[in-house]
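The structure appears below as structure tokens.
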Amino acid sequence: MTTSDLLILCAAGMLVSAYLMVGQKALFTAIRLYGVQSLLLGIVTVTTAVSESRPELFVTAAITVVLKAILIPWFLMRLIDRIGIHREIEPFLNVPASLLVCLGLTVVGYRVSTGFPGGAQGVSHHLIGVALSMLLIGLFLMVTRKKAITQILALLTVENAVFLVAVGVTPGMPLVVELGIAFDIIVAVLLLGTLVRRIVDRFESMDVSRLSKLKG
Amino acid sequence: MIPMIPDALRAFSFAMLQAAGLLALAPLLKTAIKKMKARLQNRQGPPLLQGYYDLAKLLRKEPVRSETASWVFVAGPRVYFGAAVAATTLVPVLVAAAPLEAAGGILLLVGTLALGRFALATAALDTGSAFGGMGASRDMTIAALAEPALLLGLFTSALAAGSLNVGGLVRSVLQHGVTFHPSDLLAFAGLFIIVIAETGRIPVDNPATHLELTMIHEAMVLEYAGPDLALVEWASAVKELLYLTLLVDLFMPAGIATSAAPVAIAVALAAWAVKVFLLAIAVTLTESTNAKLRLFRVPELVSISLGLAFLALAIRFL
Amino acid sequence: MNLLVWTLTVPLVTAAIGGLGGPRKFKEAVMVGGLLLTFALCVATARAFLGGAVPAAFGDALRVDGLSALMLVLCGYVGLLSATYGVGYLRRNEARKLVTPRMRREFYGLIPAYVFAMLLVSMSNNLGIMWIAVELTTLASVFLITFHDKDTSLEAGWKFLVLGSLGLAFALLGTVLLFAAGQGHLGEGMAALNWTHFMQAAPSLHPFTLRLGVVFALIGYGTKAGLAPMHTWKPDAYREAPSPAGVLMAVGMLNGALYCLLRIHLISKAALGPAFSGDLLLMLGLLSVLIATPFILVQWNLKRLLAYSSIEHVGIMAVGIGLGGEAAAFGALLHMTYHSLAKPVAFFSAGTLAQLHSSSNFDRIGTGTFSRAPVASGLLVLAALMITGSPPFGLFFSEMTILKAGFFSAHVTATSIFLAALVVLFCGFAFQIGGIVLGPPRDPKDRRVPQPEQFDVAMVTAIVAAIVAIVSAFYLPASLLALIHAATQVVWGSA
Amino acid sequence: MLQLVGVGVQAAVVIRLVTIAATLVLARWVRTCRYVALGGSILASAVTVSAAIQVLVAGRSLDGVLFRHATSGIVLSYSVTPLSAWFLMVFGLIAVPVAVYSVGYFAHSIAPSRMAAVGSGFNVMLGSVELVFVAGDVITFLLAWELMTLATAALVATEHEERASRRAGYLYLVMSHVGTGCLVAGFLTLAAASGSLSLSALLAGHLVSGVTRDGVFVLFFVGFGVKAGVIPFHVWLPEAHPAAPSSISALMSAVLITAGIYGLFRVCAFGLGIPAVSWGLTFMGLGTLSAILGVLYALTQSDLKRLLAYSTIENAGIIVLGLGAAMLALAYGRTELATLAAAASLAHVLNHAVFKGLLFLGAGSVVMGTGTRQLEQYGGLLRRMPWTGLFFLVGAMAIAGLPLLNGFVSEWLTFQALLLGFSSTPGFIRLNYPLSAAMLALTSALAAACFVKVFGISFLALPRSTAAADAHEAPPVMLAPQALLAALCIGLGLFPGVMLRALSGVLASLPGLQPADRLGWGSAGMMSPVGSFDHVVPAIFGVALMGAVVAAGVLAARTGLAIRRVPTWGCGGELSARTEYTATAFSKPLMMIFRAVYRPTRQVEALAEVSPYFPHEVRYRSEIEPTFERYVYGPLLRGVLRVANGMKVLQAGSLHTYLAYVLALVVLLLLWLGGTA
């Protein structure tokens, strides 16, 4: 199996993980899925690094795996352990309908991806398609899910999508920027985490749909 | 352009003469109408000179005024009188030229009469009696409603003759030859109604009534006595004569003198007297064949005349 | 050491000291002094630029052109104002025993940090750095929003953080795509993301990738700027944040985000012509103005009112840029300048009133504030007149310039809608402000008896800001004007 | 000499600015503050007027630069055309007396704490009106216009503790601001067409044509109509005038309204090329409507200042009617007629300013003397306030259009225009002239009735309240301006020729018109331009009238008997204020006759103890339906607010919704981008 097949496989895997996230409600599973997704992203990065012999991508891969596949999932797990809330409550849209919508979003993503230099074939086309679809699906998750944690996960999915694009169509971002971005993401996640904690302490719930005092 | 001094003098003396003449004849007209009315009701009626007797008596009486009244109460009758008299100088009576033609035309005439009314109505509010206010209110109301019809009627003739100045109007009618146009009839009818309304005759107002609640003009002057009242009565008489003369000038100027020749004047005088007398008969007939209208029916009457005037305008110029 | 580096270091150090702790007086002195120095440095940088130099650092990652210089000066000014006002603000709360040590730390630490981030944005020439800096402002403001640690402030903070991070993700994607569009024309390493390189390589950028990138970048930075429909975090954030921080957001963050939008717009303009991103900006700007209108008409809270007004103003600026043409661009930048000068007055007076009545809700503030807080009320009216673009104040002229450009351009219909919205906005503002300032003084039996207005450092700051704003309407220093023109050259240079 | 004008304009502006500054600085010293504010205002107005008169004499307009806004590169320029000079003169004739009056008035009726605010507001308002008249370019005009609005709104809301004042101020502000919006759109459309901002270039006509032209016309008509108080844009007027301090009300009626009229003249009538027939008809129609409805509403008011405000609407209507006739004439290419009509309109601008100014000042003294605006509370004031009464009477007679006073002059001219129009217009359209004429006649007659009521009820008979019983006369400083204006009423009434001569140059400067020197007939007379249709020389008639009045006096005084003073007969009961005829009763007949217009609602409750036939108290309240407020503006406002409230769901507090917006936007844009390069 060629590298390109591998790439496409991983990308597909990421998309599937996103779909699975939409499909279930257990928070732990969601976090694991995110971890897997990040892992796949790491593999994609490494593969590209090898195939296009771009050593600096190894660093990116390392960051990705360490940060996103290990640290963040661990942090989030710890968080929900502390809080002791394990299941997502009924989302605004039920699962089958959500999956249908996501299907539509995927179509949109792929359609757009055909505009890239690669045209409608080649690896990059798939990577972009997957990435954009993931992006939209992540956003869709944020719209439909009520639990703060799920929203964080969705946000991180979007983040992954962005990185997938970065890996797929760019010769890799400059290192400084990479580091900066990574740092920002860590801080953001920590912040989100602490906020979640405070919210739970305050409202005895992680259901952010209840945060609707501020109107008009 | 403004008449030089000698002309001015001539004009003013002429004006005084004409004004004096009308002043002298006005009471006669009033009594004449009274008498004719009485005759139609198989009554004897007052002697023809009754008007003069009344005025003489009133002028000799001790002036009595309300203690709540201010100078406005005093000014009222005088301005009213003055306006009526001054107005006469704007219409030609015997000669085809108004004495003070230079001063202005129909608009000024109407304005002057409005001025008189304004003065009297204001003064009527001065005594604090309810009737004064009632009269003032009603008189102003009717006048307001009559105004458009009056002006429109006058405009019709004026536009036909191409002059808004009564003198000029008469002259142009004379020189184009006195012709009859159906619109004249309509305009005349319209104006006649207005004259009835403005002079406080039945069916709009009843000059002979003694019931305050139905009064209009009478209520307005209820608080006046002695010389003041005399002025008011006299002025109203002059006003009436003035209106009739105006009708004469507008619709049957034939016979009016175009020169100062004594003969012409004499003829004109006779012609004028006859025409005014005819109109007086018309007024009398109207008075005796109609019942007084409720105040709120008056608008209908007036709107009829407005309609007539407008129709006249329309059929004349379209 | 490099001027720019100094300009960045000073606020950073100030933040560090402020965050560490120490006696109050000391912290106050440090914050005010530090930000005063920062402002001075900003001015110095601008002067240097006007002197013909192009201050740069870290291999052009930081580079000051006309636009940056203008931004620097404005940010420095606002930073200084919010520092001095902030001192007064915190003192007032201290007097009422409302301040915890945490608050002190956060306050004295975050405000300079925020200023640092704003400055970094304003001088960044590298899209990557730019993104990181914007992200920093976001992180800093989260703390400021949740400063008072109430239910509502948590809610506002959460919404802000989620929306903000999402926006930033988009901005990042946009940046990545722009980078991708420049495959092989941008050179290697750090410098590859330099805006200047993009401008040089503009003709050879891949159009579709570029378009996609521009779209995402506009949405992303638009979120930070508060362009509709990504504006929804603004009212909540403004209401919860303490007024000094509010000013930083309403002017600093707004300008910064606008700066990013402009940079992106310029790249797209150079590569695809002005229409593409221009129309996007015009559309979003118009939408913002239209969305702000009804909420101002039926508003219930003073600070939210200001939030919607800033949504309106960013909309106006976006429209100005979107219309295209030198006049419009100039109008937009002029508007930005005057807005930066006028908005603080609004925030300070409103903040004072809110503090006196310990709430910014209209029903709590009541009517007839003129009778109990004449100075603050007077300033509020003044500010309201200014930010609604009434003559003879500056925003009148800038709005006129934009409107004129609009009617002269091809977008007459859009401009007419825009005009109509402005009219309604004015009426809404007049109604709301009149409602609290005018009217009978509230009855003394009211149990929530408000604090008396006192003449403290915050008040002085407000007055000074007001004077500056008024004077600026008639007379802008030639150098500042030169900056605006230079910025216009950048945005719509004949080149 | 013309250079002086330029200096004059700038000088006036500078004086204003200095005055305002000084006023604010001197806020603590109330007396000084007042004197400075008003003195400065007088000075500035005087300078302006002198400048205006110079332009009128020279007959050429003068342009110059006022202020260069370096920042935005916008240049504020002025250009004093004969037309603006005319309006400036009118402005000055009112502004100076009002300022003098205010020296006394403010001292009494403005809270010391507000003196600085009111004083500076007074100056801002007057200054901005001046600027409106002399503005040479769009930006200046709009700036001045907006400033004028703001200042006036602030002054209206001076008594902001009163809900009514706030409401009035706000209503005024909103309506004017919408108007301003229309103006901005209109002006900028023209500017875009001409590529220039100077009014002279914009208003050269021929810039736009067809639908655009009509659209622009409508914009301007709304924009200026609001200020001019033309029905249906009048609703703010009767609210704002009573709310404002009386001297301000005087300015609003005499000066502010005039600014709107100026706009209608400068732009709508003579700035957009040859007017379309429909425009002329619109103006005549709405003018007539305003006149008749204005006076009808005035009749039934019992609040003195509100009544005067409605009568302002009436007079604005007459002015617009004249202007409309002029436009129609232009549309048919009838220069003579157009000139006559325009002259009538411009003359009425002046006359109305004079007598309405006078009346408002009088009303101010009365309100100050009695402390109430309610006619029903007045009565017998002539005794307590003889001079105010006298001057008010003059004003009342003037506004009633009685001869020998200035009201008659402009009405005469308008009638001439209408009649001439009838005889020189083709087709059926001519029929609208006699209709308008009839309505005009009705209007003036009703105005007479109205002011008989006002004067009679307030100044004559017995006091109806203690307030009226111990009213006090205004100080000389407040009487002198009234005396001056009263004198002007008479002077202009007796020597209309003078005014017409001054107008001649103005008319000549308007496109499509000719010099009006043929109108004036000497300095005492006027004549219709065509043939010898009509002429009038009030002075001559005045002599006759005086003679007759004197004669009457002599006649009545002939009997040497002393006058006997007796109490008025009180129908058996004893005479008291309660048996007097009230203002309501006075206008009752007309209210009944025009009930179709008023839609009056009345409720009478008789409180009887013994038998219903002997009520010890009868309560009567009747109100007329505020048609426009109820059927036009109310629904409009409610609609806007409903929409705004509906929009609230957009910000319902749910983060998920907010995210959904973003998702929607992204998806939309992606779809719009499509793919496949």
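Read from first to last, the chains carry the letters A, B, C and D; within each, the first residue is number 1.
The rule is simple: contacts are C-beta pairs under 8 Å (C-beta built on N, C-alpha and C of every residue); 3 or more make two chains touch, one makes a residue touch a chain.
For clarity, every value in this text was computed on a predicted model and none was experimentally measured.
Comparing chain pairs A-C and B-D by the number of C-beta pairs in contact, the larger count belongs to B-D. Using CA-based centroids throughout, the chain positioned farthest away from subunit B is A.
Note: centroid distance subunit A to subunit C, computed from Cα atoms, is 31 Å.
Taking each chain's centre as the average of its CA atoms, subunit B and subunit D sit 36 Å apart.
Separation between the centroids of subunit A and subunit D, computed from CA atoms only, is 69 Å. Rounded to whole angstrom units, the spacing between the C-alpha centres of subunit A and subunit B is 101.
None of the residues of subunit B touches two or more other chains. Residues of subunit A found to touch two or more other chains are 112, 115-117, 139, 142, 208, 211-214, 216. Contact of a single residue of subunit D with at least two other chains is seen at positions 648, 651, 655, 659, 662, 666, 670, 673, 675, 677.
Contact between chains, as defined at the top, is found for A-C, A-D, B-D, C-D. Taken together, the subunit C residues at the contact with subunit A in this complex read 126, 128-129, 131-132, 135-136, 139, 142, 146, 149, 151-152, 154-159, 161-162, 165-166, 168-169, 172-173, 176-177, 179-180, 183-184, 189-190, 192-193, 206, 208-209, 212, 235-236, 239, 295, 298-301, 304.
Within the complex, the subunit D residues that touch subunit B are 380, 382-383, 393, 397, 400-404, 408, 411-412, 415-416, 419, 422-423, 428, 430-431, 434-435, 437-439, 441-442, 444-446, 448-449, 452-453, 455-457, 459-462, 521-522, 524-525, 528, 531-538, 540-541, 543-553, 555-559, 561-571, 575, 577, 579-582, 585-590, 592-593.
By the touch criterion stated above, subunit A contacts subunit D in their complex at residues 92, 105, 108-109, 111-117, 119-120, 132, 136, 139-140, 142-144, 146, 208-209, 211-216. Residue ranges of subunit A in contact with subunit C, taken from their complex: 112, 115-117, 135, 139, 142, 148, 151, 155, 158-159, 161-162, 165-166, 169-171, 173-177, 180-181, 184, 187-188, 191-192, 195, 198-199, 202-203, 208, 211-214, 216. In the complex of the two chains, the subunit D residues touching subunit C come out as 69-72, 74, 139, 142-143, 146-147, 150, 157, 160-161, 163, 166, 169-170, 173-174, 177-178, 180-181, 184-185, 188-189, 191-192, 195, 197, 640-641, 643-645, 647-648, 650-651, 655, 657-659, 661-662, 664-666, 669-670, 673, 675, 677.
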